[in-house]
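Per-chain residue numbering starts at 1, and chain names A, B, C, D, E and F are given in the order in which the chains are listed.
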């Protein structure tokens, strides 16, 4: 088993708040991340797939193909976007880094043929990062 | 002459557009940075001051003091904020990375006593960075 | 299951030696790390916790809370300190990067309520790093 | 169980092609990596070993020893070399990053006494990286 | 005056040798960089231009435009290429990192209209880097 | 004119204090850096030399030679050492990052023949860095 990872980046605005909470609750829980005028990040996304390399090519997956899949299904939809307002597959989801990782997994998991998705790693800042390995988590939608 | 630099980070939302341009012009010039729903970045700010170290302390400036000045006058005002809407000293200024560097210089230049501000270096992404050394540039305000 | 990591840094002095070894043994085993006048490092500590995000907040743990726990129980006790002399919970422990990781685990493991400690990752330099997942290791104390 | 990692770097030329494929197939599959005049990379190799630290030294393995093993068996053989032409243990192997990781594992796995090889992590660029944990993979040799 | 920098990367093979030197001289001077089977690097290229931002746009240069110029005139010609054999503008030039920086300057200096080229910074490895500001240097061609 | 830089690292202990100050003054001025039991850092040293490349070799200076000069005259004397106690050329000097940069300049400035020392850049942490270009500064010695 080989694990191969591609690193991509995107820049987005977001706001953390739950529409079923009061303003005071949102303020208390999300603090400065609850700014109604938004804030944003340069996210770093690392997508890992695993499997056995084709003995004739030595490739588990062509890294250009892995890059294309990530850019088509994730980056093109979230880069220079508002994660609360602009992204169909995130509608109603509180865009914490935890929830984003789960949502990205759902978008990517059925996109690979000779290997399978192993890990989503998502950096919100250089000091904060989440890893998700696909164990079932239901994302609650607040709409 | 010694040059000493302190690195700080902040995360903000912004949008590039000029209210005196048509929507088509804004779209053509700023492209995906013109998203009306905003996008955002993890900015990295490096502030350099220069001067002669005090021979008795070996300090040009106490780095804790340099950090405090940057946090008080810049970071606390821009971190987790919308650079178009939330920041008094940026009101009416198009928040390109060029303009931000000039605006930060203006906020910081008179804040040092035994050394002087030498350079503002501002990373918008890991690939895009601006340096400004204080040569006079007037920021146009569009309000 | 989601894994969330917070990165913190600290700067400390230390010396590697075992008081039950002869000077020659300490010299042979620890080489330049055995300098009786000490040396030091900028350590990078990454603490990972795991669990299920609260569906109502999208948070596994508030990263400000994770940061506070690490700073209270580790960073405030080791930063700008001598790891052999100044730190109560390291007394008598040879401060190799392996032992430090185990000792930090012991300080942190009972500090989380809705998630649990998963990994301590500790960089001594940019080229040397240890990971520890909590499998029982007894630290020998030489006092 | 403790996991300790040493990071080393090397710079090499290589070309991806399978001599049993037609030129058209090699071109289609390996694209710009198939340049007959070669290209090259600064590889970053991270070797992780695991085991229990010696309670008397606090060392799982002396990092100078780990460094020496990696340099003797890998770096000295691949650094400033052509991975297709110059390296005995890579003869006939297509030098994809996947195959290199497996080949490095085979060179290193029997070199440790009080700990065992746990992971080979190999960066071909800052965006592309492979991890291998030693699960049996036969490398096909095309000679 | 504002200085704006764009970072790009490329991966190439090369060999250092002077065809007018004896084999012994090439070996003595260039050592392992003289490997006749080539070696290679992941180069990091930082191109800095300077000038005054347009007050109406806040742009010195659109960073997408800067990126396009670098990719068209440099990256597309050197990435996944052999710097001794494949690059028209490097023919006969010994591809040391010093000479590459000067050659890249010559390719780029007349490509900017509202700003001017200020600096070429080229990393051959994470530890070795050259900066060039355009002061006249004639590159000797050995053909 | 070409500028070429070599990056090296070292790990040392130090303490900031002036023996002519009272304990209270040392405490007030140097705060946690005044810990009598020392603390330490992984320093990153970047040495830049400048000049004109030899047209026959394309080298300003062989980077192996630059590395050797830095290691012989600086790294071997400060790595895994106590900067207050163990280093002849630092005796009596308060080891602030400013003073270290000046002291390193003095050690290196006469060591180059076909190029000259241009800049010492010294990182004490990832956030704090000093640059020195050799303008005359007398280091006060407190012995």
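Rule of thumb we're sticking to: a contact is a pair of C-beta atoms (placed from the backbone, for glycine too) under 8 Å apart; a residue touches a chain by one contact, two chains touch by 3 or more.
Small disclaimer: the values here were computed from a predicted structure and weren't measured.
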If a chain touches chain A and chain B alike, it appears here: none
Set of chains whose contacts include both chain E and chain D: none
Degree value of the rotation bringing chain A onto chain D, based on Cα positions, nearest 5: 120
Rounded Å distance, chain C centre to chain E centre (Cα mean): 43
Centre-to-centre distance between chain F and chain E (centres being mean Cα positions), rounded to whole Å: 30
Centre distance in Å when chain A and chain E are each reduced to the mean of their C-alpha atoms: 35
Numbers and ranges of chain A residues touching at least 2 other chains: 126
Every chain pair in contact, whichever chains are involved: A-B, A-C, A-D, B-E, B-F, C-D, C-F, D-E, E-F
Interface residues, chain D side, partner chain A - complex: 16, 18, 20-21, 29, 31, 93-99, 101-102, 126-133, 135, 137-140
Touch list for chain C against partner chain A, complex: 1-8, 48, 52-53, 55-60, 62-64
Chain C-facing residues of chain F, complex: 9, 11-14, 32-33, 35, 37-42, 79-82, 85-86, 125-126
